[in-house]
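Each of the next two complexes has subunit A plus one more chain, namely subunit B in the first and subunit C in the second.
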Partner chain A sequence: MLKILLPTIMLVPTIWAVPAKYLWSTTLSYSLIISLISLTWLKSSAESGWSFLSPYMATDPLSTPLLALTCWLLPLMILASQNHTAPEPISRQRTYITLLTSLQIFLIMAFSATEVIMFYIMFEATLIPTLVIITRWGNQTERLNAGTYFLFYTLAGSLPLLVALLLLQNNTGTLSLLTLQYTPSMQLSSFADKLWWAGCLLAFLVKMPLYGAHLWLPKAHVEAPIAGSMVLAAVLLKLGGYGMMRMMIMLEPLTKELSYPFIIFALWGVIMTGSICLRQTDLKSLIAYSSVSHMGLVAAGILIQTSWGFTGALILMIAHGLTSSALFCLANTNYERTHSRTMILARGLQMVLPLMTAWWFIASLANLALPPLPNLMGELMIITSLFHWSWWTIALTGGGTLITAGYSLYMFLMTQRGPLPAHIISLDPTHSREHLLMALHLLPLILLISKPELIWGWTA
Partner chain B sequence: MEAMRKKAVDALPGSSWTPLEINPNLPPERADIVIVGGGVVGWSIAYWLKQKEMVRGGVRVLVVEKDPTYSQASTVLSAGGIRQQFSLPENIHLSLASADFMRNINDHLGVLNEDPIDLQFNHSGYLFLASEAVAHIMEENYSTQRYAGAKVSLLSPTQLKEKFPWLNTEGVVLASYGLENEGWFDPWTLLNAFKRKAISMGAIQCCGEVTVCTSFFPTSDDGMSACVEQVQMPNSLEYQPVECAIVVNAAGAFSGKLTEMLGIGFGPKQSIAGIPLPVEPRKRYVYVVHCPDGPGLDTPFLIDYSGVYVRREGLGGNYIAGASPEEAAEPDASNLEVDHSFFEENVWPHLAFRVPAFEKLKVTSAWAGFYDYNTFDQNAIIGTHPLINNMYFATGFSGHGLQHSPAVGRAVAELILDGSYKTLDLSGFGFNRILTQEPKLERNIV
Partner chain C sequence: MADYREAPLATRPKTLDPNEYFNLSPEQRRAEEARGAVRANLKRQYQLQLNNPHRKELIEDPALTRWVYARANPYAHFRPTNKTSLLGAMFGVVPLFALYYIFKTDRV
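After this line comes the complex of A and B, so read on.
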């Protein structure tokens, strides 16, 4: 555990000590080495249960894929940020990478936490670097509004969580995840217990986000710079899913009835946000709403508490993390060239940048859950377990799949095909850095087709 | 109580309250398309862009106009005429399309719950007079115009005398009279109609002057991408950089200044960068005269072969007259002062000769306005520049910008959003003809 955490912490002084000429290449290679070492976590010694144990941190098949995704994302974020921070003074560039690294540290500690309070503290701590990234490096005046929404939605959701955790600590005497599965289930009969149940889950539902509490997400994603969008879409949303999966064990008998409205919200959100995607003019906004759509499916999968649901949710979280981040990177390559996020002004790009079209194609196909990519495997498992839970959900999930395919193809055809406007005829050709970025996003996704056991979670 | 309620409404999602004060006069930090110049061409382009975006809020259009009183803008100082009697088919089609647009202007530019638009279109037509020397050009133009669909007729001197008894046909061999879609209208109404409709559809306007416009990638070999660096607020040191994807140069008489900011015209003499945009302001005078015994209500927009023009203004015996000065005697374009001796020497003699009733007239008023004069061939420059990827020109109309504005707006919007001309092909007006030195001249220029 420490062999990943300490090098990540030591990346911070490295950023400040390295000469300016080598800043980006050093940080990139350093974080890439960390991420490659983090892949050793995936080979867990026990099929279920905890590995790499220490008093405060441990990994298990649920947190390992998320940890690997987190560590994988840091070099990708550094690669993506190199261009747009280039005109800034060097100390500001260093600050930027420091923020990304500190976010990484908090995320590693959050996903590997054994104590729920530590998870909570790290969950809250990730807000700070993200807020700074959005409000300081975003492009528009609206970023202040976006940061406010992001901060207050998450805080308002997580304050009840703190109270709920303290109550739990009082009740059971411990909040260690290691022993949580062995504690006898509590007597949850009073109305206050129902509020406690809601308090436990609300923070994660807002973070996922659940459809009714999703307003912060399009704002935050659109206004954030590319690295901010990447980490938000790929990892921070998964914090919500991970938290829910951990908490589910102790919320036991209440969930059967109380989760009903939230499952309905989540499934309805899949349809609604998918339809909103079809009407979007802003490319980043479209990808942000598609994130809400996919996460709605994940939330529904977790709330029904079946093993297939959990597995599907985990697979979809990992696959969506890689796909969404890839799409944001593609949108950023567009933005850097035309300085506009409007889709109608950057059309027919297949004529000008044909190799980038290949990446757009693969990323769009991944987004619409094409077999045999893990996106489909995750969605399929969730949809089948939902069908088993109630036959009627197939209408919503089936419609959702259709709409997802619709807007993914819409996004691809709008940007790549169509008439080429006169002002795009001469664009910068695709840099190797951008090709590398896309390859590093989509290659793990494609490789996961052959070994999905890595991201299955507990169900072996 | 009221303040609390207002605060609560502000705090809900959907309100635009932010914790930090934002100056509402400043333009937004980024816009997709910045149209420099808020004249009729600029607002026409803004309207058509909003009309053609497929989803509401599709493109963010910002129109930057440095003078909201339009004291020096060519649009409102124009005589307001529209004619199809050109020699270039593109110009004829542009006028026909614009006339059709203006005939149905309330269908296009009507805003719900607002007053309908009355352009005060006088359908009196244009009457061009030709002497012996240029009669053959008029005949050739006539066939071009008829082929393009304009409703024009040729009149012999006897027919002229029959139709317009107040006209002195001495020296006139042939006349060309527009029967439909020709006349004059109120330019201020058209400008405001475009502006009101575009703003109702979401275009943003800003009062300021673009003082710095530089390139995104100054060291790139693939050409520049224009980006508006500074919009200076009027009478203030405040400025706002506007990040944009496309800049439309619709600055009219002052278009040359915008391209100069990007360095066009300052390169080595034989290179593309060394050729400036050949648009400069040229001052033209318009005189309002009162003649109680003058021609009457069916007076067309009369254009004599000497270059003098006159048209009826209103119903009280007033007329508007003027003339194009000789190339050598161009008035100083640094101000809009009127030279009254120009009327005495260059306009009145020819006017009185052609229309004897005008021997007794009184000049009641006069003004001067700029032509956005294309020194190369006096025709529009529409389209992109080879060196600047994202600047679209819509300038250089040299006196016929107002009458072409609806159709030009549509053409530029098609170029931007569809990638090519869809309804009218104006590729003949591209910038390339200036680089290859192939002028596209009109054969009768007013």
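After this line comes the complex of A and C, so read on.
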């Protein structure tokens, strides 16, 4: 564990010490080496499920895919940010990469925490670098509003979580995940117990986000710079899902009754946010709402507490992380050329940038859950386990799949096909850096087709 | 009237002059010319930008900017009317209760 954490911490002095000419190439190769070493986590061999054990940090088949995704994302973020930070002074560029690295450190510690309070502290700590990235490096004045929404929605949801965790510590004497699964299940029945149940889950539902509390997400995603959007979509939303999956073990038997409203919000949210996507004019906003839609499926899959639901949720989280981040990178290539996120201003790009069209095509197909990509496998497992939970969910999930295909194709056709606007006279050709970025996003996704055991969690 | 063409060397009588068909008053004609001048100026600015070979960015259209802002900020200008309240209830409130009822009765 320290093999990964200490090099990531030492990346911060490296950023400040390296000469300016080598800043980006050094940080890129350093973080790429860290991410390749982090792939060793995937080979876990312990009987009890927990590997790489230390007093405070451990990995198990649930956190390992998320840790690998987090570590994989840092070189991608650095690759994506290189162009838009180029006009800034060097110390500001170093600060930016330092923020990304500190986010990485907090995320690694959050996903590998064995003590739930440490997970909570790291969960909160990730808010601060993200807030700084959104409000300082965003491009429009709305970024202040976006940062406020992001911070206060998440904080309002997570304060009850702190109280709930302290109550749990009082009751059971320990908050270590290693032993909490073996404590006898508490007989939860009173109204206070129901409030405790809600307090445990609310923070993660806001973070996922659940449909009713999702307003922070389109604002934060749209106003953030590309690295902020990538890390938000790919990893920070999954913190919510991971937290929910960890807490579910302790929340029996109330979940059977109390989860109904949240499952309903999640499923109706799939339909509603999918429909909003069809009406969007802002490209990043479309991808943000599509994130809400997919995470609604994940939330429903976790809340029904079946093993297929959990597995489907985990697979969909990993696949969606890679796909959503890839789509944001593609939207950023558009934005860097036209400085506008409006879709109708930059249409017909297949004529101008045909190789980028290939990446748009693969990313859009991944978004609409084309078989045999893991997006489909995750969605299929969630949909079938929801069907087992209640037959009527198929109306919502089936309609959701249809609408997802609709808006993914709409996004592809709007940006790539159609007439090229007459007033576009010069676009930069696609940089090799951008091709590399897209390849590094989509190659793991395609490789996961052949070894899904890596990302399907406990049902090994 | 559109097919009428005068004889080769004759002049068109005043009553058949197309500019006089609608009996516009002089103020209206002046206003028409002023609007035409504004339109021509806008078109000139657009074409200056369109044909400028050194231009690298998109031409900014303030109408498009306003439209995008309006599409992105509906809640700031939201007003509860009969129609919006009905839509909100139909799509935001009733489905939640309907789904709760459906799932509860299905799963007992």
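Assume the second predicted complex is superposed on the first by the 457 of 460 C-alpha atoms of A that agree within 3 Å, B and C clash if a C-alpha of one lies under 4 Å from a C-alpha of the other, contacts with A are read in each partner's own complex, and residues count from 1 in each chain.
The rule is short, and it goes like this: a contact is a pair of C-beta atoms (placed from the backbone, for glycine too) under 8 Å apart; a residue touches a chain by one contact, two chains touch by 3 or more.
Everything numeric here is computed off the predicted structure, so don't read it as measured data.
For the composite obtained by superposing both complexes on subunit A, the positions of subunit B and subunit C are in clash.
Looking at the shared chain after the overlay, A:Leu409 reaches neither subunit B nor subunit C.
In the superposition on chain A, A:Ser285 contacts subunit C only, with no contact to subunit B. Of the two partner chains placed by superposition, only subunit C is touched by A:Trp268; subunit B is not. In the superposition on chain A, A:Ile425 makes contact with both subunit B and subunit C.
Of the two partner chains placed around the shared chain by superposition, subunit B and subunit C are both touched by A:Ser340.
When the shared chain is aligned, no partner comes close enough to touch A:Leu436: not subunit B, not subunit C. In the superposition on chain A, contact is made by A:Ser390 with subunit C only, not with subunit B. Contacts of A:Thr148 after superposition on the shared chain: subunit B is touched, whereas subunit C is not.
In the superposed model, A:Ile128 lies in contact with neither subunit B nor subunit C.
Shared interface residues of subunit A, touching subunit B in one complex and subunit C in the other, are 280-281, 338-340, 342, 345, 422-426. Residues 13, 18-20, 22, 28-30, 32-33, 53-55, 57-60, 216-217, 220, 222-223, 225, 227, 243-246, 383-384, 389-390, 392, 415-420 of subunit B touch subunit A in their complex. Remark: subunit A residues 139-141, 144-145, 148, 215, 279-281, 338-340, 342, 344-345, 347-348, 418-428 touch subunit B in the complex.
Taken together, the subunit C residues at the contact with subunit A in this complex read 49-50, 53, 55-59, 64, 67-68, 71-72, 91-92, 95-96, 99-100, 102-104, 106-107. Partner subunit C is touched in their complex by these residues of subunit A: 260-261, 263-265, 267-268, 272, 280-282, 285, 338-340, 342, 345, 389-393, 396, 422-426.
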